[in-house]
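In what comes next, subunit A is part of two complexes: it sits with subunit B in the first one and with subunit C in the second one.
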Partner chain A sequence: MAELKLPELAEGVNEAVVSFWHFKEGDVIKEGDEIVEMATDKAAFNVPCKISGILRKILVQEGDTVKVGQALAIIE
Partner chain B sequence: MKCIDLGLSDYKEAYKTQCEVRSKVAEGACENTLIITEHKSVITIGRIGSEKHVFKTEGIEVLNVDRGGDVTYHGPGQLVAYPIFKLENEARDIHGFLKFLEEVGISFLSKYGVMAETRPGMRGIWVKDSKIASIGIGVKKWVTYHGMAININTDLRPFSFIKPCGIDGVKITSLENLLKERLDIEDAKRKIKESFEKIPLLAEAVCKG
Partner chain C sequence: MKRFPYWLKQSVKDNENFARTRGLISKLGLNTVCQSARCPNIYDCFSVKRCTFLILGRYCTRACNFCAVESKIIELKKPDKEELLKIKKAIKELDIRNVVITSVTRDDLIDGGANHFADCISILRGTGNSLKIEALVPDFLGDKNSIEKVVSSKPDIFSHNLETVPRLYSKVRPQADYNRSIEVLKFAKELDSRIITKSGIMAGLGEFREEIRSVMQDLRKADCDIITIGQYLKPGADCLDVEEFLEPAEFDKFSEWAKEAGFKKYYCGPFVRSSYTEEIWQN
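Entry: the complex of A and B
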């Protein structure tokens, strides 16, 4: 089991907002799949998954503000 | 770098072109491409935006779009530049790319003798206390889209219909407003292309060492 975390963005940028999930709980994820779109005040970007597995649990919902390093989902 | 000039375009049509070019650049079927255009009047709301920041429209279409940032206005006389660039290796730094865009905008404005700057914690490019250019991008599969909108001869009145970038009391200006003369948009297109070619994409990454 592994946590998908919000990666470091840039110096001085500590958080981003969840735009939407490209997958739902129970979906099979392949390494490199972009699974969630996030946005800051300047950029919208996708967070890719570094491992293959099943998206077990989504921990943050669309519209939530997430800190760098915070877990977004659990991949099993 | 390839350059495509869409002339005066409909926002949705230009968005379609951006997406087609982005797919090609991602596949490696096309080199980095700068799309330049002026849009027909439209209000767009980015991913962080709110419809509450649009007070009235006077018939201008309002669209929700997949870039960062809040609400802005596009219209004739505004130079819009969409760099569809593949970020590879050390360039895989979204905020480094935003810094690059800011530098391109500042270099462009300096060609007109206008000293512009960024403001800490504020988005876009500023001349004294007025905002002249807005920046908001999207990134898919490490290829950038959306970009920068610089007011050249833009009718600034529609900016009063919205809360630009979600910032309270922001003043918006244009080159025409600053220089007290109407400028040649075709010349501005040549200048922005030159600025994109001159500023290195990796300046930020190199500075970080």
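Entry: the complex of A and C
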């Protein structure tokens, strides 16, 4: 089980808003799949998953503001 | 909720090269415009060990409204040779072949930092390999000695960004002057007809398309060889709002115009930045 955490999207930008989940809970994820789209003030970023597994739980919803390092989802 | 058009999405490429590039820059205490400007291309670039070093410290004496680089007018540090040696070290360690050196604007220095640019180029030439260097300079308040100093240090490309159309200067870069910036490029070419000159502008700040076309004509009159045009993106809360997100097809139109205008090279696209493309270095 692993947590997918929000990486720093641009230097000194310490939070971002969840725009869109490309997968839903229970979906099979392959390493490198872009799993969620996040938006900063400046641009939108797709965040890839670093491992393969099942998207067990989505921890933050579309519209939520998330801090860098905060867990977005649990992959199992 | 903040929404960006579909063509303005980047991907996080958190690979080994990214970590290495960022780690080394941070270890050496260097500044890059990639970081200072919160550039959304940082993953694309750092993941292939491409970066644009920002010299003359991290504080800028001007406060342009499109830019996230921190502004400060007192207690500024003198040009530091150590900074240049560290850049040389980073270039060697990362095995960088093409590099862009830019700076904050230092209106507090008599030479505007031109000698530091020249020293930088001379130090980097000493890396021994066939490093290609672009010097992306400020306007040096139009000072001809400063421009000459940089040109005679022989960067492969001499670059100065106009940033926007003349009508928007007071809003976008109030301490700059459009004609002065054109003159910087023109004078560099007059000094050395073989030097490649380059300029960049941002779209989406409220300019008309025809104004961009007119800027192209002005640049060509100054014998500028290369133009880049990208989408302006608001880097921080204090900066200007984006007036318009131009569709990719609009940038294709700019490319057509640039070709017609006679630029040798032109790069126009939403994520195009002054130093985003590697193609620029190919003959």
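We take it that the second predicted complex is superposed on the first by the 76 of 76 C-alpha atoms of A that agree within 3 Å, B and C clash if a C-alpha of one lies under 4 Å from a C-alpha of the other, contacts with A are read in each partner's own complex, and residues count from 1 in each chain.
Throughout what follows, a contact is a pair of C-beta atoms (placed from the backbone, for glycine too) under 8 Å apart; a residue touches a chain by one contact, two chains touch by 3 or more.
The shown structure was predicted, so the numbers you read here are calculated from the model rather than taken from an experiment.
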Practice task
Figure out whether A:39 sits in contact with subunit B (first) or subunit C (second), or with both, or with neither.
Solution key: both
Handout entry: Partner chain in contact with A:17 - subunit B first, subunit C second, else both or neither
Key = both
Practice task
State whether A:63 touches subunit B only (first), subunit C only (second), both chains, or neither.
Solution key: second
Practice task
Would you check which partner chain A:47 touches, where first means subunit B only, second means subunit C only, and both and neither mean what they say?
Solution key: second
Exercise for the section: For A:9, decide between first (touching subunit B), second (touching subunit C), both and neither. Expected result: both
Practice task
Name the chain, either subunit B or subunit C, that contacts more residues of subunit A.
Solution key: C
Handout entry: Contact residues of subunit A, present in both the subunit B and the subunit C interface
Key = 9-11, 13, 17, 19, 34, 37, 39-46
Completion exercise
Seen from subunit C, its contact residues with subunit A in the complex are 1-4, 8-14, 34-36, 38-40, 42, 233-237
Fill in the blank from the handout: Residue positions on subunit B within touch of subunit A in the complex are 46-48, 66-70, 93-96, 98, 123, 135-141, 146, 165
Practice task
Within their complex, state which residues of subunit A touch subunit B.
Solution key: 9-11, 13, 17, 19, 34, 37, 39-46
Exercise for the section: Please name which positions on subunit A make contact with subunit C in the complex. Expected result: 7, 9-13, 17, 19, 34, 37, 39-48, 50, 62-63
